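The following pair of complexes shares a single chain, subunit A, combined with subunit B in the former and subunit C in the latter.
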Partner chain A sequence: MAQEAATQYERVAEIGGGAYGTVYKARDRLSGQFVALKSVRVQTDQDGLPLSTVREVALLKRLEQFDHPNVVKLMDVCATLRTDQETKVTLVFEHVDQDLKTYLEKAPSPGLPASQIQDLMRQLLCGLAFLHSNCIVHRDLKPENILVTSRGQVKLADFGLARIYSCHMALTPVVVTLWYRAPEVLLQSSYATPVDIWSTGCIFAEMFRRKPLFRGESEVDQLGKIFEVIGLPAEEDWPADVTLSQRNFGPLSHRPITDFVPEISHQGADLLLEMLTFDPLRRISALNALDHLYFQEG
Partner chain B sequence: MSNVQLSNSTLERLAARRTFPLHARTSACRNLFGPVDHEELNREMKMQLREISDRDQRRWNFNFETDTPLSGDYEWEETPTDSTPVFYQESVQTGRNRVAVSVPAKVKPCSDMASRDCATQDVPAPRPVDDRLSTPEATLPRSGELNQENCSDRLNSGKPKRKAAVCARRKRTSTTELTTTTTTHITDFYMKRKRMSEAKQSENSSQNSTLAIPVEQTPRKRIR
Partner chain C sequence: MIREDELASAAATGNVDHVGILLQAGVDVNAVNRFGRTPLQVMMMGSTRVAQLLLKHGANPNLSDESTGDTPLHDAARGGFLDTVKMLIEFNADIRAQDYRSRRPVDLARENGHLEVVTFLESL
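Take a look at the complex of A and B:
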């Protein structure tokens, strides 16, 4: 039988040195657990792997020791030299069938029950508070990066762009998918852990709506869409060191949040607005969000 | 200890050439353990790497070099990307950015965004370092709120939260210290010092009591 499996998966052809369009997953016959491989091809020079990659792998391994229930499990890291210019790093992760995006798509009408949204949000914030307490900003939180097991367990994934933050790090402004980007990222101001809370707020709203809250087509358009919901921030709240002026955004008549997320409860709306606070310093933290009255609702 | 004796002339040379790379040229540093066989070293490194690869291959019964499943405890299967979460897709890392290699069968609007990101990534200039010293980390805790970095014990051990405002206290002492140094009263200063050490002590004891099981302490960067 084992022999059979080996012959069954003989490769037909190799396209351009990588397996395009497929993902390898496996079931452990002993435990019944599923694992999946994620390969990252890293450009190397005469010094070998870039230090940033080595650090990232070390960070992933360090996090693994905590075995947090809301972070995707990394089982192994295997590096193989492909050419002199490229190393393939294969990460062996636990396999989860679906991400939040498909989970929301598959949810039967009229959408997820309120209790389920509350449970997903609690888990999401737990995972996030764990990352933040370990000095990690995810920076690319979106439904595709949030895995949901068949038992409804939330697991944060893809810290591809998450990195231990330090004041010497060169932060590139392009890190979060536009729709979940915090205003300070769109304005290219300085940013830290609150950017993940903003994304979480957008995802919170999306759980009710089953479609994204802000679907901007450019940075300015995205900001405009944000201000339609949260209102134009006061002049004094506007970051001082940015090129885009507050005056670029004409007088807006903003509508209450419940116009955009009608199914949300009173406490839920309150938490959502705390997360979608323009000023990152006044935005709620993951830890404080977990203490919000919303999570004590019925 | 070794009995290496440096002659006077060597010491002089060392003193004259303080830069590190030049040390290599002094006689004391020359071939202490005989010549290095680079070829042998290379062979040995390659062997070690092969051993690691073999171990990986055995553990997962998978050849990572050729992406070939082998026989063993793991039943491998190749599944199309559109039936698995996007996260597991192969990606290429170029510098600091990472892009997914394959576009899933159903083209999503966000993959569109991602490609736009890559196209515009070089437009905004990286911000200078000192600019970032005033990033939200420094001022992150709102009044009466804890910096999450100092709450790792709660998160990692699942213990109930304790309202020991370690970070807030530290901050307060450092600011009062600053103000007192401007109005230099030496006795005031002693008072503060004393209070500071008390604060430190209670801080330590509170930490000890909350950390019944040792959790990994990560070095923390504090930005002032």
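Take a look at the complex of A and C:
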């Protein structure tokens, strides 16, 4: 690991904070390009960095060899000893100066053409299928960390960090958006790859609507908003061992998805509902979504 | 976070609403954050709306980065963000500005294959 982070990369602004430590926009003095610096402080002992951190970093570096077009590049990893007990690990990622939120806001009325939405979705799912095949769950997919280059190339950012962080630090309570969160996460039941497909479904709908599909203000409110669209799940589909009961909701009369996403095609709506399936085990996977008939429309 | 930092961060994350609120509240559009940069220097280059808002409030488009000499126009051109390039020029960004390696914005656009930006800059 290189030691020269402090001199090669010069921080210019803070662009993210919270539970995972601070994220900075920085400039690479050598190339002039902007990069994103993500640091995490980890406890160290006489054996050096904890094995789990080394393993996670190695996994991220291994991903790099595939040079996947739809995930941001990990350009560098630096470790700086802060004290005897603490080391700062800094990951240097490629920085793209546009996110999907900005890209959608920019689109002239009445929004993105259907063909462009299809192209963005294909790229997003390709990136996700790649992460999932490497056992990486993003966990926090949202328009702010889906980057779009000026050529319209999608790159997923902020993946693979959750585990590095959560191993070594107490999560500080921060306000994180609930709007893209899967029901099983809201119910605190499970956190596997399907959680990212749920978020992708929410984002798919948002590409048409140009505003979020479910804007909940609390976990319960978020679930309520979800059930207004997908209907209240049957009691036997409700996960066991969760505090919130199915009977807290409903009875609800749900409306067709096209009421919420009127511009979507028939196949698009079908794919969207596959992604917004309550049961994570029956939710479509990224790979199967790429094979959906929606992507043959043209 | 002090307000100057907050404005720079809002600009860097493309948060148009927050930029607007802070400018309304009287934060100086040309004040530097704790890293010595103005909001326009660190803004999300793809966010033409943030660029427009800052420029309309009098942001100086011709400050260059102290370590590389890049101006916002260099950065927008390098990233290929044509709308932001146009916006900066509308507010008198200098297309002949050179970074510390004597490269102009058009050179960076060409190096990175952003032909639309090259064509536009050469047409001026």
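We take it that the second predicted complex is superposed on the first by the 214 of 298 C-alpha atoms of A that agree within 3 Å, B and C clash if a C-alpha of one lies under 4 Å from a C-alpha of the other, contacts with A are read in each partner's own complex, and residues count from 1 in each chain.
Just so it is clear, a contact is a pair of C-beta atoms (placed from the backbone, for glycine too) under 8 Å apart; a residue touches a chain by one contact, two chains touch by 3 or more.
All of these numbers come straight from a predicted model, not from anything done at the bench.
Undergrad: Is A:Glu105 in contact with subunit B, with subunit C, with both, or with neither (first, second, both, neither)?
TA: Touch status of A:Glu105: second partner only.
Undergrad: Tell me the contact category for A:Thr149 with respect to subunit B and subunit C: first, second, both or neither.
TA: The second partner, subunit C, only.
Undergrad: For subunit A, which side has the bigger count of touched residues, subunit B or subunit C?
TA: B
Undergrad: For A:Arg210 in the superposed arrangement: first (subunit B), second (subunit C), both or neither?
TA: Touch status of A:Arg210: no partner.
Undergrad: Pick one for A:Arg62: touches subunit B only (first), subunit C only (second), both, or neither.
TA: The first partner, subunit B, only.
Undergrad: State whether A:Lys25 touches subunit B only (first), subunit C only (second), both chains, or neither.
TA: both
Undergrad: Scan A:His254 for contacts with subunit B and subunit C and give back first, second, both or neither.
TA: Neither partner.
Undergrad: Should A:Ala157 be classified as contacting the first partner (subunit B), the second (subunit C), both, or neither?
TA: In the superposition, A:Ala157 touches subunit B alone.
Undergrad: First (subunit B), second (subunit C), both or neither: which does A:His266 touch?
TA: After superposition on chain A, A:His266 lies in contact with neither partner.
Undergrad: Common interface residues of subunit A with subunit B and subunit C?
TA: 10-11, 14, 25, 27, 29, 96-99, 101-102, 144.
Undergrad: Using the touch rule from the top, collect the residues of subunit B that touch subunit A in their complex.
TA: Answer in residue numbers: 49, 53, 56, 59-60, 62, 64-81, 84-98, 101-102, 110, 113-114, 117-118, 120-121, 124, 126-127, 129, 131-137, 139-140, 142, 145-146, 148-149, 151-152, 154-156, 216, 218, 220-221, 223.
Undergrad: In their shared complex, at which residues does subunit A touch subunit C?
TA: Residues 10-16, 25, 27, 29, 32-34, 96-99, 101-103, 105-106, 144, 148-151.
Undergrad: In their shared complex, at which residues does subunit C touch subunit A?
TA: 1, 5, 8-9, 11-14, 16, 33, 35, 37, 41-42, 44-49, 65, 67-68, 70, 74-75, 78-83, 99, 108, 114
Undergrad: Which of the residues in subunit A come into contact with subunit B in the complex?
TA: 2-3, 5-6, 9-11, 14, 18-30, 35-43, 50, 52-53, 62, 65-66, 72, 76, 78, 80-82, 88, 90, 92-93, 95-99, 101-102, 129-130, 132-135, 142, 144-145, 147, 157-158, 160-161, 165-174, 177-179, 188, 190-194, 241, 280-282, 285-288
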